[in-house]
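Chain naming follows the written order as A, B and C, and within any one chain the residues start at number 1.
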Amino acid sequence: MPTLDRRTSLSIFQRMLMIRHFEEAVIALYKQGRFASHYHLYIGQEATGSAVLETLSEKDLICTTHRNHGHIIGRGCDPNRAMAEILGRASGFNGGRSGTLHICDHSHGFLSTSAVVGGCAGLATGAGFGLKVRREPHVAVGFFGDGALEEGLVSESFNIAALWKLPVVYVCENNSAGAMGPQQGGYPTAITATDSFVRLPAAYGIHCLKVDGTDIAAVYAAASAAGQRCRGGDGPVFIEAFTTRWPGSSPLWPELATVTDLNDAWDPARISGPHADWSRHHDPVLRVARELVAGGHASRDELMARDNEARMRIAAAANFAIDSPMPAPASVGDHVFA
Amino acid sequence: MSTSMQAASASSVQSLPAAEEALRLLRGMQLIRSFEEQVRNLSSGGVIPGLVHLCAGQEAVAVGVCSLLRADDMIASNHRGHGHCLAKGADVTRLAAEVLGRRTGYGLGRGGSLHMFDAANGNLGTTGIVGGGIPLAAGAALSAKRRGRGQVAVSFFGDGALNQGLLFEVLNMASIWRLPVLFVCENNGFGEFTAIEDVTAGPDPLARGLTFGIASETVDGMDVLAVRAAAQRALARARERGGPSFLVCNTYRFGGHHVGDKQDYKDDADAKAWRLKDPIERFGGWLQHCGMANASVIAALKTEVDEAVRAAIELAKAAPLPAADDLELHLHA
Amino acid sequence: MPSPRTATYRAAVLEALFGEMQRDESVIVMGEDIGAAGGVFKQTEGLFAQFGAERVIDTPISEAGAFGIAVGAAMTGQRPVFEVMFGDFITLVMDQLVNQAAKISYMSAGQFHVPLVLRTAVGIGGNLGPQHSQSLHAWAVHIPGLKVVMPSTPADAKGLMAAAIRDDGPVIFFEDRMLYNMRDAVPEGDYVVPIGSADIKRTGRDLTMIATGRMAHVALAAAELLAKDDISAEVIDPRSLVPLDLDTLVASVKRTSRAIVADGGYRQYGVTGEIAAIVTEHAFDWLDAPVLRVGAADVPIPFSKSLEPLVLPDARRLAREAAALVRGFR
């Protein structure tokens, strides 16, 4: 059973807190009418992204999808600029042009963020190719969901990455567990004949790992091993991380189904409401908080202090975004060409 | 007789063809071989517009599968499709005419070798887009399933198509929707000029089908009986339970990717070894061994087929070319 | 006198679908989340409950493969209505659309037809950003063998969907998602608008505004502004891009001597170029000025609220251009 030291655990938890508060702030801003658009939240998946990101160096490259906030904030990108981008402001990472769907921060190793399902796999594979050609001892990480595996492009990417032994870590965040299937009249999150997603990359001989996506030690161990394998020139790795879908995530517009209160971590009896089960058993933030205290890595007070700090930092980011100017009309044609 | 033939007949003992059927199998393969040889000569002689992609050496796959199909079953072919078309009952003259670009051909002479359709025989067409026919066959299977008359569809493609994302998407859907479709990969070891090992990752091409829970088999594609037996299993599966199958038939093309290809990428020893497995020679040998035919019957069959193909081609050559008025026909329904 | 029955654009298309699916067993619907979920825009709501999983098929996120399957099904007796969720994603079906569907009738010399409809939601609005706002119909109209329609009203949407389904070849149906809630008179029951027929939405004397899809409404609004300025604008919605009702367009231009073409796709090499050129070829001697073209700015469609509205010309801008055309060519 892998365990993490205090420093690593707290670092991961810090990322998770920032992501969680960021996402809750995003819903609030949407409800206030501060931005329009379809948007997708990372609530429930924070442990996966955070633990993977913890293993990466500055020079590693990252591709993500329409569900990118967690990766952006988890990576340590400026929440001010991320929030500004969601609000379509000029100070956003993409100058207000991409909004929630395509946020990326080049200075932190993000390539272009595709909202076309599967697109990230191609880009991550290409990033890996570039790293190999330049003989850099780094990896390219592609984050995507289970739905992406249905796109043929992903299969083609696997084939090439395996053939050319590219240093790519494909992280498939399978949040289908618990989601409504087509039989129940809900939006299907995966229509696939395979009984196990890893069969797909395994068909190409890609090394595969499966982890509980809410277990930071397990995710950290898997991602570390994957990175090592890639840097050793042994080719790509596929990690399937399982999480149970947050009840507030409907495909079109999220609802604030649960509100995070760290006190629920050590006092689960406080949890009530229609989604109590999710909060008690599947909320990774509460889980990790509980484990940190139980493992003696931190006290409740310390974690509450961190929580508060994160809230305030995010509140500041929201204010920054709200106060930021819109992009000037004259800038609409900027960067169309190089 | 080779051991693999013995093995094949042992494993498919309940479904061995009787003499008449066996001779039909031989004739079917010989028809393709004669056609391809004569088309090769025409192409080298500059008579055929564009490029042709010949399947000499691979006849056992087309014949082994198509010999079991009903008239109302459907096939979708690829760029190396003459064999599939003939095995599915195409008229030799019309096929030759299309290859030659004559108006009496299956496509008014406007499609050529790469775009030949034969609706009366359920042939959804050859195509130059690698993998392009795969979803068409699956779609035909969807139709077949709706109609409920037990029809099946067969998709023929090469090892090059194994790396098309489209294949994955369709295998997945064929499995979820339990479509009555056979995916037949003619693995001849080369995607154009590139060896399969250089472009196809993974322990075994079969994994591509197994990933989606599809019944998958590797077959000796130079043994018409082995192909036939595998096809029989797959067709039973499709007709009775309505599910797909994935067959990887290991075979070899004696010619190049297209006529004119110098084939520098082939290993000579390898090529020689495959020649020894010539499906027509082997099957002829087996027929003689079983007493279903003797050498002179087999030779006479070859002569007769060569002559029939020659005559068909002469007829095709005599047909007119399409005219300017034919340019826009059938653009819309 | 009772007012005519109205319906939304979304509901009108659904009416056509219900009607055709009842009329013809071979009509099936395929797409992502279009089954029990009723579609991301609720554009297929109720079909699954009525016709079931055999005829209303949810596909995986495998546009290329699924559309290819639709083509194969169409070749062999089905009449699929295949939905590509956002118009931007027709990029994913391009090979099966261009190299198969469009050409099968021609290549097979009529042995096979591909009676399918590809419907897709296009249009700028709601800040969906660069990969969810494009209208790529300029690509579709360029391919021989494809018919392309772009209805701008609920009635046209219903009538053209019915026509598209009944057509024995591939028809691309571009619907603007910002028009889904538009409510207008829609005939009840069986209603077909022939493919290839334009509609004069407003008669006028001084210039002809040829406007597709949503731009037809922008043009009508511009016409109101122009009327206050004593300029009488005729507004024609081609409704079908391929085949184009050239006769109606040319007849109008011959009457007014001036034309402006407005379309919601990127302006560069857009459909406005084709329409302007072909009208000029047929009505050159009647024209008093070059045919002007108006389209979306040639930039990826930006997300931000301050930038997104700049991309498509609004009624004021269109009226300004039209007025300049009439008053003295600049």
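As a convention for this text, a contact is a pair of C-beta atoms (placed from the backbone, for glycine too) under 8 Å apart; a residue touches a chain by one contact, two chains touch by 3 or more.
Bear in mind the structure is a predicted one, so any value in this text is a computation, not a measurement.
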item	value
Most central chain, judged by mean C-alpha position against the global CA mean	C
Selected pair, greater C-beta contact count between A-C and A-B	A-C
Rounded Å distance, subunit B centre to subunit C centre (Cα mean)	42
CA centroid of subunit A to CA centroid of subunit B, Å	47
Separation of mean Cα positions, subunit C and subunit A [Å, integer]	37
Subunit C, residues touching no fewer than two other chains	59-60, 62, 64-65
Numbers and ranges of subunit A residues touching at least 2 other chains	150-152, 191-192
Subunit B, residues touching no fewer than two other chains	165-166, 168-169, 172-173, 176
Of subunit A, residues touching subunit C in the complex	35-38, 88-90, 92, 94-102, 114-118, 147-148, 150-152, 182, 184-188, 190-192, 251-252, 326-329, 331-333, 336
Residue numbers on subunit C that touch subunit A, as the complex places them	33, 35-37, 40, 58-62, 64-65, 88-89, 92, 126-132, 297-300, 302-307, 310-311
Subunit A partner contacts - residues on subunit B that touch it in the complex	163-169, 171-173, 175-176, 198-203, 207-208, 210-214
Touch list for subunit B against partner subunit C, complex	74, 76, 106-108, 110-111, 115, 117-120, 124-125, 127, 129, 132, 134-144, 146-147, 153, 165-166, 168-170, 172-173, 176-177, 329-333
In the complex, subunit A residues that touch subunit B	150-156, 158-163, 191-195, 199-200, 202-206
